[in-house]
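Pasting the structures in now, so scroll down.
Look at the two complexes coming up: chain A is in both, with chain B in one and chain C in the other.
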Partner chain A sequence: MPPKIDREKCDSCKAEKESLCEQICPGDLMTLDEDKKAYCRMPRDCWDCMSCVKACPKGAIETRIPYQLGYHVAKLIPMMGTNTITWTCIDINGKVERFQYINRGMLE
Partner chain B sequence: MAEKIPKSLNEIQTEVIETDLLIIGGGNAGCFAAYEAKTKNPSLRVTIMEKAHISRSGATAAGMDAINTYIRTDKGETPEKLVKWSRAQVGGGPIREDLALSNAELLNETVELLEEWGLPIVKDEDGHYKLRGRWDISIQGEQLKPIMAEKAMEVGAQVFNRVVATNLLMDGNRCVGAMGFGVRDGKFYVFHSKATIVSTGGACGIYKSPVTDYSGAHHQTWMCPFNVGTGYAIGIRGAAEMTSMEQRWIAIRTKDFCGPVDTISVAFGCMITNAKGERVMEVRYKDVGGDKAARFYRLNAPMTEWLEGRGPTYVDTTILSSEEAKDLREDLLNERPSFVLFLASRGHDITKEPVEIYGSDPYIVGGHTGSGYWVDMKRMTTVLGLFAAGETAGGNPNKFVGGCAVEGRLSARGAVDYIEKTTLPPLDTKQVEKEKERAFAPFMRGPEFDGVNPMEMEERMQRLMDEYAGGIHQFYRMNEERLDHALKNIKMLQDQTKYLYAKDLHSLMSAHEVSDRLDVAEVLVHHLKYRKETRWPGWQTRMDYPEVDPNLDCFIESVRDPKTGEIKIFTRPFEQLIPGDRTKA
Partner chain C sequence: MQKTVPKTGIFIFDQGKRLARSIDLDAVIQRLARIKNVIRCEVLTDLAAPLPSIKEDFTSDKFNRIFWVGKFSDYQKKTIQSELSSAGLNPYMYEWCDLEEQGIGTKGVDSGIQTQKAIILIQMTLARTRLLEPLEPLELPAVDASLIIGAGVSGLHTATSLIGLCKKVYLVEKESGVGGKVASLHRLYPRICDPRCGLEFEIQKIRESDMIEVHTLSRVKSLFGSPGNFDVRIEKQSRYVSEEKCNACGECMKVCPAVIPEEQRSRESAFINETSQQVLNSLKSDKKAIHPAVPMTYPSTFVIERQYCPPDCRECVKACPALAVELEQTSSELAFKVGAVIITTGWDPYQLSKVDEYGYGIYPNVISNLEMERLLEDPPVLKEIGFIQCAGSRDERHLHYCSSVCCSVSLKQVLFLKEKLPDALCYIFYQDMRTPGFDEELYQKVKSLNNVIFIRGNPSTVKPGDNGKLRIHAEDTLSGKEIDLSLDLLVLAGGMMPSQGSFEIAQLLNLPQNNFGFFESHLQCHPEESQRTGILVGGACRGPMNISQSIESSHRAAMEVLPFLNRTILIEPKYPVLDLTKCDKCKRCMEECPFLSYVFDENGFPSLDLTKCRQCGNCMGICPLIAISLRNNTIKQIAAQVQAIKPSFISKEEPVILAFLCENDAYHAAQSAVEYGLPVPPNVFFIKVPCAGSVNNALVADALAFGIDGVLIAGCKDGQCHYVKGNQLVKTRSGDLSDKLQKMMIDPQRVRFESLEIRDSKKYVELVKSYIEELRAMGPNPFKS
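On to the complex of A and B.
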């Protein structure tokens, strides 16, 4: 499923030798175009694992469900904290839900 | 960005890395192998060759919501009982009980290592790992892969990310490393090693997936679609013996989005129902265990409901409270986050409407079912110096995350012992040059070449396997004539790989991926042909041989002759170590 890139937000991770989405994609699918903006070279081949979404320091990448499978438009946005992750999910009816939990460390 | 296509092989730099232990595939088993080897002997040079980036590569890239096997000894569970359960899950086997037992004995300690490294594991009131099934424990495993990768790097493994393996490096009958190319830097890599562990993923994408026709969803698969069976293919081409390739892993999954069902059914108690509202397993499959039936029954049953006019099929989530439904989705976010997005894209309140389920495409894996290299107790394959762990090691199903991690450690112990008794022979430069030429061939044909692009060939293969070798669109059914047709066309496709062309390094990787998948598919079909019975309905359904044949209560094995390409099939006996009814957990 194709990741959708916000071209305004994407700065190609200027400080990095290679943009983080490009570094992390398990399918070698993320790369930069001539304007140095990230894109998915083979949208059909994305596994929607969301590794690029989590890695993007600018929050410029969104995973979308293809229309053939789901209605327009739902969103799922991860925020990576220190040892926590917070997900915001918005369904097609505008219902917002938040999930927050520890993703590193020992649980009691 | 588009790379400059080299005009000749001389423009391609060859990088030779000499090492003690090469690990092909830095996934779960690979990271644990690196950890174990460096812990046993810190002076060893340990090198990981990884196709992607080890922080988020392979099957656990998105995370994990459970460790499916942990032995709660305080509840009277034992390694023997776990093996007995595993045997029952594959219909009584055959399974390698010797391997399974040695895995089970190291299991708890290995899972506890993960917690020590930073993986949050959910506890019950007494401070034990909280069970969500008989063996499954819940984790908050969104960071599972980065945690394992960091440990491998911390212990000092040298990691080569974005290097694709194309073949083993051989010294006569001994494996002395592997070769491949850099998908970023375009270099040819030669890893020259005293011992090698193959710990790549299994094979996904040999078959067409149920939703593959949708333009944006070719990879709507359960198994990681970037796991293409290279770990098997290099062994097949290197004359290693493979076992149980016909024991395909096919899972019942959520429909239209290949999401987890066990999380919903096992952990949250939502049962399988059909269009008529019947509890399918309880009504029709009570004799094989009802809702606790072996995994292939839990796949085959809902698909049979569809065939017989009682679909759609569901897991009944309407029994859940809103809090439980939220907890469930939190679990799903740890493993398959986009499934939560999928539910949102349908405005689906799972407490009001059940979740539809359907079969997945078939996968060849050694972590869930038993496909892979035949290995000895040290996890050495039949090729001297080549070890296997995780998805690639066969005969020992239901390993999942915990068991694959254990096997990584065991293979490293075997490899370290072997390394101590061996030296590195001189590098065979002729072999290196030959492989370099083969590896870059689709690239050297140039962009103007009138040939076949890897995607076209992949789609051709996937449709062929789907229709003729028991894919989802044929409800997993097959017969001898269809398998013969598949084999004939696999041979055609293998021959036509000489027409593959690559326009960049990414498509060069794709060209090798489809070639590797074809080599696995060929062996798979030979195995399917040999098993003239139906032992695991769904996983392996022969319409022309619908019954179990007691004479085939054995392992089916194969070796490819590297000179002729001929595949020899033979059997090995099943050895029962744990007494009792093999079909009972």
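On to the complex of A and C.
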């Protein structure tokens, strides 16, 4: 399911050209609309890779989990540190699981 | 570059065995000695004896960085540094860790916990020590000249103090002569002396100096570059008289047929009578189109105001014995380089015609306080004179502020008027008499005069009366009585507003102005520093002030400009460095730098102007790609510090807080909390940062990911940040992170921003305690393993 953008939070990365989500999207799906807010222009092509969610410095992007894995309310949220990444996985019953990884080399 | 192995010497300095009383130092040493690349690790109780052996170990290359643990006096730190730098140790290869300020030694805390905390603290700083690199300050070339914009009283004083220090000065003035507003005043209080006397004194110094170039009839056209190396272009309007030839003999003025008409406010002739005619006559000037420089006759060259010349008139050309008149002169442009700019554009009087209830510009005998100065030179016989204070000041329809000098000015005018016309009856209408400091003396003096009446409350109407007099209706708010008066002359004390030149310069240099148009500066601490490095503001363009205050201000500005005029600008290696391989040109750093230090380079990447940067690290905090690091405080170092914290060192249930404290105030609050013996809980670790705004969200996310229960970011209160808005920036950012935590079903209060002032040590302790309670209630961080 495509990314959902919090239009109040999105500040279009203050960019004149490309916002961070636009740069990182492997399918080149994210872009800015006329109000300078990010949106996914071809929602059906989104692979749910969540690169944009990780890249967004304002925390304005959220993706829904594909319905084959979990219905609405289920969420997968990454939080990026300098060399850590945590995942919070909430299933449709509200059960929460969390994972934490250290990504060495991010600061090199 | 060859990577050097970080070999560290750790020395725990325990003067008076204070540490040994609260922690198990042997256990600490044993733990530390096992760490890789820690070459020497020992406890010292005295500095003098072991220092030579430390020096020797360093020179024989046993270790290449030193980590000092313990409380050192400033004197001891200096001794160590000077001893070791003589042995060749780079001053940036030290790290200091004061265990006591972090709360080790607080009474009533279990010694085991304290030892554990001490080990963690040492490991945190050790992690940072490993990443130290030898740094050298940068020396950038600079020009030792300065540009002063505006040659009023402030500009002249700034210029003379700089030429006194043998620094080259370019003084640019838009009028034909120097002196500014002050030169047009009649007398100055409190000494009731002629202002031209003081100005002439400064001009004499300028005349004698060859370090100064005065450019009159000139405007700054463009200014580019950075502090130390500004490129200035000025446009010089034509004077039509050659500065080299004119010797100010005045022959031309005798033959000039054109008299410059008075700047006419539409005085309606219906209201003119004998008295008002006299007033008008006194205000009239008979300036010819060719005349000496105004306001002061420096430079001594005459000037022609061509717009007033009759067509094809060449009388002055014929009359000039020195052949100095050049009617075909054209304006010219001039370019030069300066190291710094001082703006002294001064003030303009508020347009009193906007205060329509007093009829300024309609009735000939309603005049402004500046016109009164001219009238005082030779006052006509007047019987009843009214002064209205705060005409348009402290008024939400006009100027919102108090111009701080008008009350004293009016009192001075009354005093002087009474000297000339002892029988005149003066009415002073005021809202509040404001005579700060010693001006009170002036007030008392005027109060003791006969026939001076103070009426609290400004008149509601001014209407024409019989025989050209003015009919005034007012209410004395003290007695509650209504008053009707008939006056010969009404003087309006108009306020000060930023000059036209200030607005032009602000636009040209992109300088922030406050709500009223005066230049923004850090008022108490650095009043003359504008928000653009290398550009200073002095005198009344900063805010309403009297003459002595603007002179003080201009000398301060001259003082503060000196670091830019040294031929080299020294840059401490604490500046931010951008990793271009990571940067994706999002330009957030450019947007949020409070001092506009970033510019685009030729490839569209942000590039830092080192001379403008004030090293606050806000760009490091803002960068979403963690690509910016302060040179001596890299994000990698802070991340390593965060990672070294063991969040369950007390027990899994007991919360641990990581605090990022702004070194300008919150850090001192925490430090003095310990000094005052306040019970600081052992649960908190803090990291000192140059500004709260330099804390990157990724670091906070790291802390939470490693299981730290709460992250506290403490900085200045709103409007008090030394770097303009660092606290607001971090507040928004941590707010974004809190929102994310909420989505992750983690309590958003695990990240908190708080404002602390420098003496808020009690508040700090209370804050930490209540936060611990809150975190206990929330339960441990779900990422805690």
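The rule we apply is simple: the second predicted complex is superposed on the first by the 96 of 108 C-alpha atoms of A that agree within 3 Å, B and C clash if a C-alpha of one lies under 4 Å from a C-alpha of the other, contacts with A are read in each partner's own complex, and residues count from 1 in each chain.
The definition used in the following text is that a residue touches a chain if its C-beta (ideal position, glycine included) is under 8 Å from a C-beta of that chain, and two chains touch if they have at least 3 such contacts.
Bear in mind the structure is a predicted one, so any value in this text is a computation, not a measurement.
By the touch criterion defined above, A:R98 lies against chain C but remains apart from chain B after alignment on the C-alpha atoms of chain A. Counted by residues of chain A touched, the larger count belongs to B, out of chain B and chain C. Of the two partner chains, chain C is the only one that A:K58 touches; chain B does not reach it. Using the contact criterion defined above for the overlaid structures, shared-chain residue A:P26 touches chain B, although it does not reach chain C.
Once the two complexes are laid over each other on the shared chain, residue contacts for A:K75 go to chain B and to chain C alike.
When the two structures are aligned on the shared chain, A:K14 is found in touch with chain C, with no touch to chain B.
Of the two partner chains placed around the shared chain by superposition, chain C is the only one that A:T86 touches, whereas chain B remains out of contact.
When the two complexes are overlaid on their common chain A, residue A:L107 makes contact with chain B and with chain C alike.
Shared interface residues of chain A (contacting chain B in one complex, chain C in the other): 18, 23, 55, 75, 85, 90, 106-107. By the touch criterion given at the top, residues 584-588, 591, 624-626, 635-636, 639, 696-699, 701-706, 736-737, 739-740, 743-746, 782-783, 785 of chain C touch chain A in their complex.
Partner chain C is touched in their complex by these residues of chain A: 9, 13-20, 23, 55, 57-59, 62, 75, 77, 79-86, 88, 90, 96, 98, 100, 106-107.
Residues 1-2, 18, 23-28, 31-34, 41-51, 55, 63, 65-71, 73-76, 78, 85, 87, 89-93, 95, 97, 99, 101-108 of chain A touch chain B in their complex. For chain B in complex with chain A, the residues that touch the partner chain are 1, 51-53, 55-58, 61-62, 115, 118-123, 140-143, 147, 162, 183-184, 211, 214-221, 224-226, 256-257, 326, 329-330, 333-334, 337-338, 340-347, 506, 509.
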